[in-house]
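Two complexes follow with subunit A in common, the first pairing it with subunit B and the second with subunit C.
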Partner chain A sequence: MSEKSKTLPKELQLVASAHVKYIQSLDTRKDEYEYWLTEHLRLNGLYWGLTALHLLGHPEALPRTETIDFVLSCQHENGGFGAAPGHDAHMLSTVSAVQILAMIDAFDDLEARGKGKAQVGKYIANLQNRQTGTFAGDEWGEEDTRFLYGAFNALSLLGLLDLVDVDKAVDHVVACANFDGGYGVSPGAESHAGQIFTCVAALTIAGRKNLVDADRLGKWLSERQIAGGGLNGRPEKKEDVCYSWWVLSSLEMIGKTHWIDRDQLIAFILRCQDPENGGISDRPGDMVDVWHTLFGLTGLSLLEYPGLEPVDEVYCLPKSTTERILGK
Partner chain B sequence: MADQGGSAHGIARTSRVRTEEQRKVELDKIAKYRELEDQVRSGVARGDTSPGLFQLTSKLLRLNPEYYTVWNVRRRLLTSGLLSKSSAASSPLTVSLTASPTATTTPPSAALSSSSLSATQPSPASPTAGRSGTTADSPAGEGKVSAADATPEAAAAAGQKKDFDVLKSELEFTIPLLLDSPKCYWIWSYRLWLLQQVIDRLSVSMARRVWQEELGLASKMLTRDRRNFHAWGYRRHVVAQLESPRLGGESMVEAEFEYTTRMIRMDLSNFSAWHSRSKLIPRLLDERGADDSTRKGFLDEELGLIREALNVGPEDQSLWYYHQFLILNLVNPVGHPTLTPAFSLEDRVTYVTREIQDIKELLEDYDDVKLIYEALLEYTLYLGQLQGRKLDGAEKDELAEWLQKLKKLDPMRNGRWTELERECGLVEMEAFET
Partner chain C sequence: MPPKSKAAPKPKGADSSKQPTLTPSTSNTTPAVPATVAARSQLRYDDSRPHDAARLKAGLTGLPRDEQAAWISARFARTPAARTRLPPKAQRELWRQVNEASLPVRALRGGTKGSSWGRDRNGLDVGGYSVERFDEREARRARLTCLEVASRGFRERRERERKGLRDPATGEAVFVSEGEVDAERVRRGEMADLRRELYGTVQGSFALDPEWDDVIPIPQDEPEAALAAIAYPADYDEAISYLRAVMLKKEYSQRCLRLTETIIEMNPAHYTVWLYRASNVFALKLPIADELEWLNQVAFANLKNYQIWHHRHLLVDNLYPALAEKPDELARFAAAERDFLTQILVQDTKNYHVWSYRSYLVGKLGVWGSPEELKSIEGLIDDDVRNNSAWSHRFFLVFSDPAHTTPGLVATEPDPAVPQDITSREVEYAKEKISLAPQNQSPWNYLKGVLVKGRQKLSSVEEFTGGFVKGLGNKDGSEDVQSTHALDLLAEIYAEKGDKEKADLCLRRLGEKWDRIRVGYWEWRRKCLEEA
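Right, the complex of A and B next:
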């Protein structure tokens, strides 16, 4: 941690080294039933943990070669990745795989030892519904703006966005917009902060952020902060640390982060830490998990909490990664 | 990505220390789980398509409904033997789960090219194809195809009966899992895949019967959690399908509108219901063939309803968002469906002015509710825009007063109030005051 953060009062300190240890411990919990029940999230979990470590300034805390080996062991012939060896290919795990390889600068390994970038791009592009522009999660057809964003995220990192019909996809996102300025999971669905992130980020990647009603959306997003400083995901719902990412990154993309109370949100996130064993939970006093740990840290990073690496609000990757790959 | 399950929501933090006995019990549980998983995996690897493997997937999914690969194993077992071979539409990617509010004019779900996905296509026809074997736990289904079904018609009817039984049994299998994990994406998506099979494989009347029951499930799930967006999305999809010509349907917009009224009466704070209402209204009015005066009457009623609600709950955001929806219809009628297209500019100004007046009256009882000031600010700015004029001195004074109130009542959003102050040209006034 930087010198600056050490001078903060105890309740405002990030227990960074405990978080690093917590994340490192995740793959050693094979004697816990939960470890086996969550295998369908292994690759996503690796992405969540590794991104958190990068933001904490400890990118080396997970061994690079083993990480690449594991990621490549999840790849299928068709280019897609499953959540773990023996799990079917899916958009969500494929996006995580691309993000991990991007973060540790391992696209060359994907070319040399995996099925190659082009095959990954083909897998993703084939999941686009060419009539409506949206994307399915896998061959069985579930459609959701989460998958559309994931496709844009991974394809643009691979430099293969031209494999898909970007204009059609943009039309679909626009069709998901609601009167309150927000976006839903599909046309007709209620605005939801998670879905707003995926839609605004997809439009940003497509270079069409001008289609967002920034003023109305900014108002809606800023109203997500409730008493206690935390953010909720929809009107009249409880606060949750993960919205420190979905809401805040969206505010950042439309230039309205200053519309909420920075200090109160920082204090809320820090109250959700497990100060002894590391990790961050949804609300103070609850069980921690790697998912909330990442989104607590990305929130703090967007709020420029001292000592954290800057996070890219569109890609949910360290800024250093997107700068290296996209030159932004 | 958005929550995919597996994260700990709302579970109290407890000490991780286990006794040796607890550890042993957990290790035993792990061993049993992994053995079951191994059995399923090795069955798949040998190309087993038997009801035995099917039952193992039931057991595994009951332990872990998030195991999406096992749901896929189950789909492949169904399409490669347990369901009849008659359907041409059993290949993947023929189901579009996107609910469309204009379903009556939407073509049948879009089929994507599945040829490009050959690497993960279900295995080819299995040696046990045509064999009976249906339900999650008792594979001896009632719809056996026997030698008695000699004629092609009889065989087809028997095939449909068998598929009906299999699919019904599958739908039942997922119910307890959904009740336990109402936010599990994989169960909802498996269920929708089954329902697509129902459309592809059964006669219109049989399929309609099955789909109609889904409305009951959606209602049940929404009774348990009024805001579950999976259940609301499911409901929209089910309604869109029931309305579609493929299921011989007709518009259900009146009934669905009624449903939102019931949900709102039960709980004014249910924004999901208000949202749904906002999406149904333009269609409702079109389908009623509402003339201009009916539309005006409708708007009056909605404004009355929401005003009544605001009188008792002005601190509820859900109500204000719906109010905003109605006001935007007046202020910004271009580019989206509108309730009252025939309103003149004068009508619009009259309505917005009246709403501002009514909201000001709310202040008499609730002068410390920040949402009231927000609405006043917003609508006053709309009024200026609507009339294409700058705000006058009196209005500016009011804006300045409301902004001061907001800064006091809602300091969390001070960045927003300060910016608004600047945009409205009120900064000098503030400087003058201090």
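Right, the complex of A and C next:
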């Protein structure tokens, strides 16, 4: 694959060490307004940053013990995790917590010092609506296929997928399939690359990937690539680096990654970097953030850009993690 | 005890407002009026130790004899312990000399090395203030103290009222009136101003509000050296601390509602505050219409926020049972919501949360068949024929309408319940819009979706589709493809009819020229065609 990078202009390379420094600096940005406004995403932010570091080959760049301490401090009695200490438990932060602990191989700490895997599994399982198969984000009941995917992701990592009604959930995902081949947030809602990822990944984890119309979906996904090489999330929308993950991982799962132009996408992602200070933004020239940094890197990893660890297209974790835990 | 002298010694500092008394041959060269309070204190200090400065400069032996004697006498005069060593005759002589020279009997302690005046809000030494400015400052401090005393009185009365105790002075039950609360509010405002002026302290508005006295805010509690520790701006931090406190005790009240509004204003993306607001609205049984009115304004100000739409979802779920019984009101509500959605979509025509809410609403209120809803969507497509969200919603409206569709079918499945005229109508609609902008994904996807749903063959639109492709395969430059989607569909049509050669030509030209970026896909289609 090194021939691919030779076709790129010399100045367009991955500035890996700048990205590492950028991620490390995130927890010191106390003076940045945006940082405290996103307190309710803090645990998620930690997952994004840590995964990026693992893919860059620097898993040690965030201190392991402090990470475990912080994650466990977000856990509630019911086993669920909040986004930050003192925040109510929610599905999304719980999934991030499980993913982080999986990456740094800290499930033992969860047993010894936290509330244990079983309790986490119970929290997640309780969020399933047994009539419809859908999952809520918390006791307030907002439903979204993201939560369904999150539940499958975390439970399978914990080895507790049998706690939920997988078949009912699969039925719900199938009901979200649209006429254009994509999937929406709920039945009848517009096809959206983010939702497509959650639906296809959920079906994959459930072993029901055969239910996806791979040809039609692949076609829809391949149409996400626009002239500049970047990917958008829906027809006639702007390109955004994060779709390098949602679209690409979906293509990878159905085996159609070669249906987009890899070189052009690589070039687009690299143009979205901040070469001096590190980090990646949604499109060239915009402000960077950790979310787009992660998904830019996962995109490059899926495209086998040199120097990056392989990423698991279903779990959005390093392949080394999922291989260790799931024996894939 | 020194024997009483004929002339009482001058009390120290008595003449501070007049010119300082200069004892003979003092080496102070003080100005008539001190420039600063520090200088004034220095003056007073020196006054009480008349020959100290000189002694420090010259040493005791360097002083002239009479000054020496004066200094020694003054020292004896102010140091009882030293005097006890003198025999009575010497003591009498001592006092005679003290009175003659009018030496001070007591001296001010402490030096002026280093200031003990403190610093003002700008970090300046208060000792450097002029006397006048210092007096002003002292007046403010006195005022602040008075206010603090009065405020303390208010809090005590509040406590007494809360506990049902009686006023100790009058023996009557305590009742704190609105007037008193208002007065306290004003008082605290003045106190906050004074504290800011004097010391630069900034107080949070909740601490100033007597309405919140009974709530002890819960500050952020993070583990030591938290991995992602942050410093919050004071206002936000304070508001969140109060939120934690009231959420913990599950208080639902008007003041909590106002608290959620304050926080939402500062950080509309804060997830939990929205849920707590909903709890308050429901617990207080507030009119949902009012809350929706408020929410509309917040929605306009925060177009990218999704909590707003989930909140709306919760409100409508709560409102629906009452509406369901009154069809007129339901229709009115549907119309009002449609108006609002139309307005907000003007600002952001493809907002996923808005559209997602819209499809929820259609389902909840059962208005699939509403001509107004369909017209509204058509309006949006007229505005922008490339609005994929609008196309997607149309499909949902038409092909999930329980009036003429099979319940439980997925969007990709053909539906025998769909009447022929509806299918035809939708095909014509798609064709019309395609003609406006042939290189537009949405209506082509729509067209295919309709044909599948209505169980029509793709070749039923062959003539129309072929109109966008001319001279395919010609090498003389006359090949013209107005729409890659048309060429794609044409390939499918030819394949459906069994004409592999023509189908392959379409696919090959797409990969070679007309849609090169997706050459991987087109090549795969060619291979499938070959293998079929």
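Convention: the second predicted complex is superposed on the first by the 318 of 328 C-alpha atoms of A that agree within 3 Å, B and C clash if a C-alpha of one lies under 4 Å from a C-alpha of the other, contacts with A are read in each partner's own complex, and residues count from 1 in each chain.
FYI, a contact is a pair of C-beta atoms (placed from the backbone, for glycine too) under 8 Å apart; a residue touches a chain by one contact, two chains touch by 3 or more.
Given the structure is predicted, the values throughout are model-derived calculations rather than measurements.
Chemist: So, on subunit A, is it clash or fit between subunit B and subunit C?
Modeler: Partners clash after overlay.
Chemist: In the superposed arrangement, does A:Val95 touch subunit B (first), subunit C (second), both or neither?
Modeler: After superposition on chain A, A:Val95 lies in contact with subunit B alone.
Chemist: Answer with first, second, both or neither: which of subunit B and subunit C does A:Trp140 touch in the superposed model?
Modeler: In the superposed model, A:Trp140 contacts both subunit B and subunit C.
Chemist: Touch check for A:His192: first (subunit B), second (subunit C), both, or neither?
Modeler: A:His192 sits against subunit B and subunit C alike.
Chemist: With the two complexes superposed on chain A, say which partner A:Asp213 touches: subunit B (first), subunit C (second), both, or neither.
Modeler: After superposition on chain A, A:Asp213 lies in contact with subunit C alone.
Chemist: Which partner chains sit in contact with A:Asp180 here, subunit B, subunit C, both or neither? Use first/second/both/neither.
Modeler: In the superposed model, A:Asp180 contacts both subunit B and subunit C.
Chemist: Answer with first, second, both or neither: which of subunit B and subunit C does A:Ser281 touch in the superposed model?
Modeler: Once the two structures are laid over each other on A, A:Ser281 reaches subunit B alone.
Chemist: According to the stated criteria, A:Gly299 is in contact with first (subunit B), second (subunit C), both, or neither; which is it?
Modeler: In the superposition, A:Gly299 touches no partner, neither subunit B nor subunit C.
Chemist: State whether A:Ile260 touches subunit B only (first), subunit C only (second), both chains, or neither.
Modeler: Once the two structures are laid over each other on A, A:Ile260 reaches both partners.
Chemist: Would you sort A:Gly307 into first (subunit B), second (subunit C), both or neither based on which partner it touches?
Modeler: A:Gly307: touches no partner chain.
Chemist: After superposing on the shared chain, does subunit C or subunit B touch more subunit A residues?
Modeler: Residues of subunit A touched, subunit B against subunit C: more for B.
Chemist: So the two structures are superposed on chain A. Out of 5-13, 113-121 or 383-391, which stretch of subunit B collides with subunit C?
Modeler: 383-391
Chemist: Which parts of subunit A are in contact with subunit B and also with subunit C?
Modeler: On subunit A, the overlap between the subunit B and subunit C contacts is residues 31, 33, 36-40, 45, 83, 86-88, 90, 138, 140, 142, 178-180, 184-192, 218-219, 222-223, 225, 229, 234-237, 256, 258-261, 264.
Chemist: Report the residues of subunit B in contact with subunit A in the complex, numbered from low to high.
Modeler: 1-14, 16, 23, 26-27, 29-30, 33-34, 37, 41, 63-64, 66-69, 72, 75, 92-101, 110, 112-114, 116-121, 185, 189, 192-193, 196, 227, 229, 232-233, 236, 269, 271-272, 275-276, 278-279, 316-318, 321, 324-325, 328, 336, 411-416, 419
Chemist: Mind pulling up the subunit A residues that touch subunit C in the complex?
Modeler: Result: residues 26-27, 29-31, 33, 35-40, 42, 45-46, 62-63, 66-67, 69-70, 73, 83-88, 90, 138, 140, 142, 174-175, 177-181, 184-192, 213, 216, 218-220, 222-223, 225, 227, 229, 234-237, 256, 258-261, 264 of subunit A touch subunit C.
Chemist: Taking the touch rule as given, give the residues of subunit A at its contact with subunit B in the complex, in rising order.
Modeler: Contact set of subunit A toward subunit B: 31-33, 36-41, 44-45, 76-78, 80, 82-83, 86-90, 92, 95, 122, 126-132, 134, 136-143, 146, 150, 178-180, 184-192, 194-195, 198, 218-219, 222-223, 225, 229, 234-237, 240, 242, 246, 256, 258-261, 264, 274, 277, 281-283, 285-289, 291-292.
Chemist: What residues on subunit C touch subunit A, complex-wise?
Modeler: Of all residues in subunit C, those touching subunit A are 220-223, 225-233, 236, 244, 267, 269-272, 275, 278, 310, 313-314, 350, 352, 355-356, 359-360, 363, 386-389, 392-393, 395-396, 399-400, 410-412, 440-442, 445-446, 448-450, 452-453, 517-521, 524.
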